[in-house]
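Next come two complexes, and both contain chain A; in the first it sits with chain B, in the second with chain C.
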Partner chain A sequence: MDLRGARARLWADPLLLAVPALFLILVLIVYPALQTLGLSFLSKDGAFVGLKNFADVLSDPETLNLARFPAHTPPWGSLVHNAIWILLHLPLTVAIGLGLAILLRDVRGSAILRSIIFLGMVTPMIVGGVIIRFLFDENAGIVNAFLRLAGLQALARSWTAYPDTALLSLILGSVWLWSGFAMVLYSAGLSTIPRDYYEAASVDGASPLQQFWYITVPSLRPVTSVVVAMTILWDLKIFDLVYTATLGGPGGSSMVLALQMYFYGFRALRFNTAAAVATVLSLFTLVVGIAFIRSSRREE
Partner chain B sequence: MKRWLVLLVVALFVLSGCARAPAPAAEPAPKPVLTVIGPWSGPEMEAFLPVLKAAEEKVGARINYRIYRAEDLASILPAQFEAAQAPGDVIFMWDWWVKENAQHAVDLADVWQSEAGQFILEAAEAEGKVCAVPYAMTVKPGFWYRKSFFQQHHLKPPTTWEELKALLEQVAGLPGIKKPIVTGDGVGWPISDITEHFLIACGGPQLQLDLIAGKVKWTDAQVRSVFADRLVPLLPYFSDPVEWTQAIDLWWNGEYALYFMGNWLTGMVKQPDDLGVFTLPGAKGVVAGTDYAFIPKYSENVDAARKLVAFLISREGMETRAKQGGKLAGRKDVPADVYPPADKALAEALAQVEVTLPDLDDSIGGDWQRTFWDQLKLLWVRPKALDEVLTTLESKRQSK
Partner chain C sequence: MGLVSQPAPYGRPAPGRQATPHAGSTTPPPAAGRGTPSPAARPLPGRRLRPAVILRHTLAWLVGLLWIVPFLGILMSALRPQAELIHGWWQLGQVTISAENFVRAWNHPTAPMGEGIRNSLLVVVPSTVLPLLIASLAAYGFLRSRARVRTPLFALIILLLAVPQQMVAIPLFRILRDLGFINSYAGLVVTHTAWALPWMIMFLRNYFATLPREVEEAALLDGAGRLQIFWHVILPLSLPGLASAAALQLTWAWNDFFMALILLYEPTRLVATQRIPLLRGQYHVDWGILTAASVLTIAVPILVFALLQRYYVRGLIGWTLK
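On to the complex of A and B.
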């Protein structure tokens, strides 16, 4: 009896401590998520329609426009745009974040430089979107000023106004805003790698490139999995940047899933269709989340 | 002795309770506090606040003003209304949106009936009630120019298409000019205003009304002709879309000669007296837009809010707003004398216009409006995409 009581206490105490957090998670996350899931299977008047809302979303050219992909300029549909966003943004962010962290590792006063680079990350993304719009503006934009200086006059135009460059300019802008995050994580990761590894490798005659590939990269694997997971999640839920910079245009050429969900819900007042997009987005993030947890367990 | 003292204290205590307390001064009933939500900030808000100040005395309420754009309200209000809450007592919003959400709006028929005959635009009606009433108007009269710029370069406002094309050619050749016309870009509406002006000038006012009603398709030959024969050939004279407030500075500083904008421009330039405006040749109507006021039925001050709306649309309320400039009265009985000079000229010119038309995309609303803005932005930089643009607009219109 005493043993059973002790066992029960062993479970009860942590459970009791977790109750407030569990309650909040249930009320603020689980319940709305289930409601949204339920809504996605209903029509506007509350009748069960099965997967119709999902079919509507996937057959909408704003979601998937494969007739134009890849031979023509965007729009290719929000699903493709999100995929392109991940394909471009993720490697660039990882490479730039890691590169900056290594470059600034032994630089005196690098903490200040790192803080400045990290500022992009703490900038509200609504402001970030406005800044991106001005960065690529024909008249006021610094990007076009550089292009003119470099003699590339033909490329100097309002990038966010053209269907072939709008998505690219947003992705490049978000790389600028997000790379600080990757850099800070990699800087922290680098500081945990013992110097002895590099000294021993040098004694054995390893070149700096070999040291990078065989010491730095493997040692930073746990950090990389965090950066990759967080970046993909950021790419999937991207909304505010696009909303303020292009509103998904021109002609839907920079539309993304989260913005499309907003338009379904709050402009077309089709909340059930919006719920279907939200469910699709949640499934994607769930896949990333599960992959991240598995990778973390392997690391452990 | 001690007992007597205790008895005395108790007796005094009891007597003090029986004594008649001095009557408190009669406090006036607290004034209700009304919250008005509108889209105006900066100079536009400064012009609206005197109206609310005047209304406070008339209504007998304290009035707070909060700024929310219609785009933001569209995402806030549904959740608020579901919870039977209202963030404001009087809210300015798109008419199409209020119609779609008429079940949450107070019926303003009693306020509107006595004034309706004096108004240029109609109220928003749905579910058998007047759910929102129009307020002060903005008009989109045409292309603005600086009189001093035109004088300096010996230019004249055109009266025919040939003169218009000649003017644009002449301006394009001037030194320092990037393009003859600067294209303002917000979320897309300045471009939609230009397009509507072309539709009215080249297709007639009825075309605008038919497109709003869905009687004419966007792929119709008449519509396509306005785009293909009139608008698209002039697009090379327009700049790429530039953020619309930035565009004002560029245009004012002489990098561009013409700017299509609503009459609120008069309140946003340094010398309104230097402004001139011309319509496209043949235009027999202009678009007048307005913000619609409605009262959510979850307001705790419906009666006071009703009085406030009545004041806002009354002649006195409208004159108070007209005096501040930047907007025109939505009523016909407001004399031109009350306006500042720049608006007075416009009000007089408007009185001569044959037809005042509702804003096309504001009237249709919904996701179609967003598509309209977006597709026109595409057309501006890819004129060859005309048929694709018109097909998309028609297909979205059908699905609305």
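On to the complex of A and C.
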């Protein structure tokens, strides 16, 4: 019996093996997601209301508070908070991740240092939120001890308890927690760049800075697109961290979309509004997901 | 210029040299991005590089210290009695190590962490084994399938990676409530399983694709069926990949909060992560209990990471970078 005959003997396409997985995915992800989409177009009584829920959500100051942004302190609305999170966190993550990967490349004990920095990625985000509160606490927090030491008494207070600093302290905490991911990926990326490139470049008289811009950065482009996509997705989906650190407060000044959806859906029982928030959130994450898939296709 | 043939090109800090035994034969890696010695500095002797090496090591270890301080903080606060911490955990005048905070957190009257950790284990183990089994079957199916639908189906699965859990929360709650699966670990396990499937199928499909085709074809010629090949050939060859997937899923299922929050609410059934927000005092924060509970909750994923570190990191890299 030849290989073709042996294959023909198998009675069906192997895709049948995926049936249990596809069934679970359909029932527990695809179907509920479509139902949420449906809910977002209905009123509380089940009547079709078009985009009314979306209009309500977007005109609600909890989502978008343009009267306060940017002239006044937060709350600026969850949509703005998520956007600020990405704007601050994304460049910091890329810069710190790449910087750490380069710094630790030839250091003794770098394996230990990498593990320490990576710990934040292993930490449950619910604990991450506790640690952020603990760090920025007026009395127990080491951040405030340093501020007092530096003579900045005015800044020493529980950062997570004040509207103007709550969001910022969370974002800084997320930088600390999340940098390990970018660092690990960049470290792996760096190790794939052939050393000959650098040797050839230095023979041609390229300075270390030029080598960085013309060899390291372009070679790491695929890694950067992974880091960027994953960081944006993480910043959009952020929930646990805010839940334990501030619960979106004080006064909604650190509210984010995912937490807002939870409050609407499971505390206020406004299912249709919650569905609209979830749909808005999913639209953003899908745009990022599709852009990432397309960019990785192009690189192949 | 003859620089390449020289064992130690100047003009670049080469901190790895002392560490590598074959320093003479290997060219030290370039330190891209650090604008230290420029071509003009080349004629200087190699010893000039020493300060750069020291600087680099100092900086690296300072960064490491900075990164571990928050963890050190919760550990110190958990291990020491509250009376000692009035002026901060970093005051080391008098250090008493005691298990008091851990005992109080473990036996907390309203949200005992001992019970929470037991519940988490009950959820996490099946939430890792089940998706591993179901996803590896599906991954193998996708890899070997010739059916036209496999491409759009696989694209759909990848797209699902971007969907936030909030998008399914309300209908999922209703479905599981109608099936009597609220407050039940079965409900949470099935949910974790479904959510693990997309990334696991993608990861394992890519892993299986690296296996040698010949072994599989030999088994086919010997008359083995698809399931037999999967069980006796593919799975045993894929243990490292399965270990990676298991390490990541174990951590993620343990760290999950949102799904547990909406599906479990009976006080005795709450998992560990759900109990932490409940430990915050009404009027003041009891940092002793809160940090002890945090240390207990973080201990399991850290243990998994420490034991399976190689698989963990490789899984993360392989999964995102292919």
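Methods note: the second predicted complex is superposed on the first by the 284 of 300 C-alpha atoms of A that agree within 3 Å, B and C clash if a C-alpha of one lies under 4 Å from a C-alpha of the other, contacts with A are read in each partner's own complex, and residues count from 1 in each chain.
One rule holds for everything that comes next: a contact is a pair of C-beta atoms (placed from the backbone, for glycine too) under 8 Å apart; a residue touches a chain by one contact, two chains touch by 3 or more.
This is a predicted model, so every value here is computed, not measured.
When both complexes are superposed on chain A, chain B and chain C end up clashing with one another. Touch criterion met: A:Leu185 reaches chain C, while chain B stays clear of it.
Look at A:Asn139: by the touch rule set out above, it reaches both chain B and chain C. In the superposition on chain A, contact of A:Gly252 is made with chain B only, not with chain C.
Among chain B and chain C, the chain that touches a larger number of residues in chain A is C.
Judged by the touch definition given at the top, the superposed model places A:Arg68 against neither chain B nor chain C.
In the superposed model, A:Pro20 makes contact with chain C only, not with chain B.
Of the two partner chains placed around the shared chain by superposition, chain B and chain C are both touched by A:Tyr262.
In the superposition on chain A, A:Lys52 makes contact with neither chain B nor chain C.
Clashing C-alpha atoms with chain C after superposition occur in a single stretch of chain B, namely 77-85 (options considered: 5-13, 77-85 or 167-175).
Shared contact residues on chain A (touching chain B in one structure, chain C in the other): 133-134, 137, 139-140, 262, 265-266, 271.
Within the complex formed with chain A, the residues of chain C that make contact are 1, 3-4, 9, 11-12, 14-16, 18-19, 27-39, 56-57, 59-61, 63-64, 67-71, 73-74, 77, 85-86, 88-90, 134-135, 137-138, 140-147, 149-150, 153, 155-172, 175, 190-191, 193-195, 197-198, 201, 217, 220-221, 223, 225-227, 230, 251, 254-255, 257-258, 261-262, 273, 276-277, 285, 287, 290-291, 294, 297-298, 301-302, 304-305, 309, 313, 316-317, 320-321.
Residues of chain A that touch chain B in their complex: 133-134, 137-140, 157-158, 161-163, 247-253, 262-269, 271.
By the touch rule above, chain A contacts chain C in their complex via residues 1-3, 6-7, 9-10, 13-18, 20-22, 24-25, 27-33, 35-36, 39, 98-100, 102-110, 112-113, 115-120, 122-127, 130-131, 133-135, 137, 139-140, 142, 145, 176, 179, 181, 184-185, 188-189, 195, 198-199, 202-203, 205, 207-209, 211-212, 215-216, 222-223, 226, 230, 233, 236-237, 239-240, 243-244, 257-258, 261-262, 265-266, 271, 274-275, 277-279, 281-282, 285-286, 288-290, 293. Every residue of chain B that touches chain A in the complex is listed here, in rising order: 74-75, 78, 100, 185, 187-188, 240-243, 246, 250, 366-367, 369-370, 373-375, 377-378, 380-382, 385, 389, 392.
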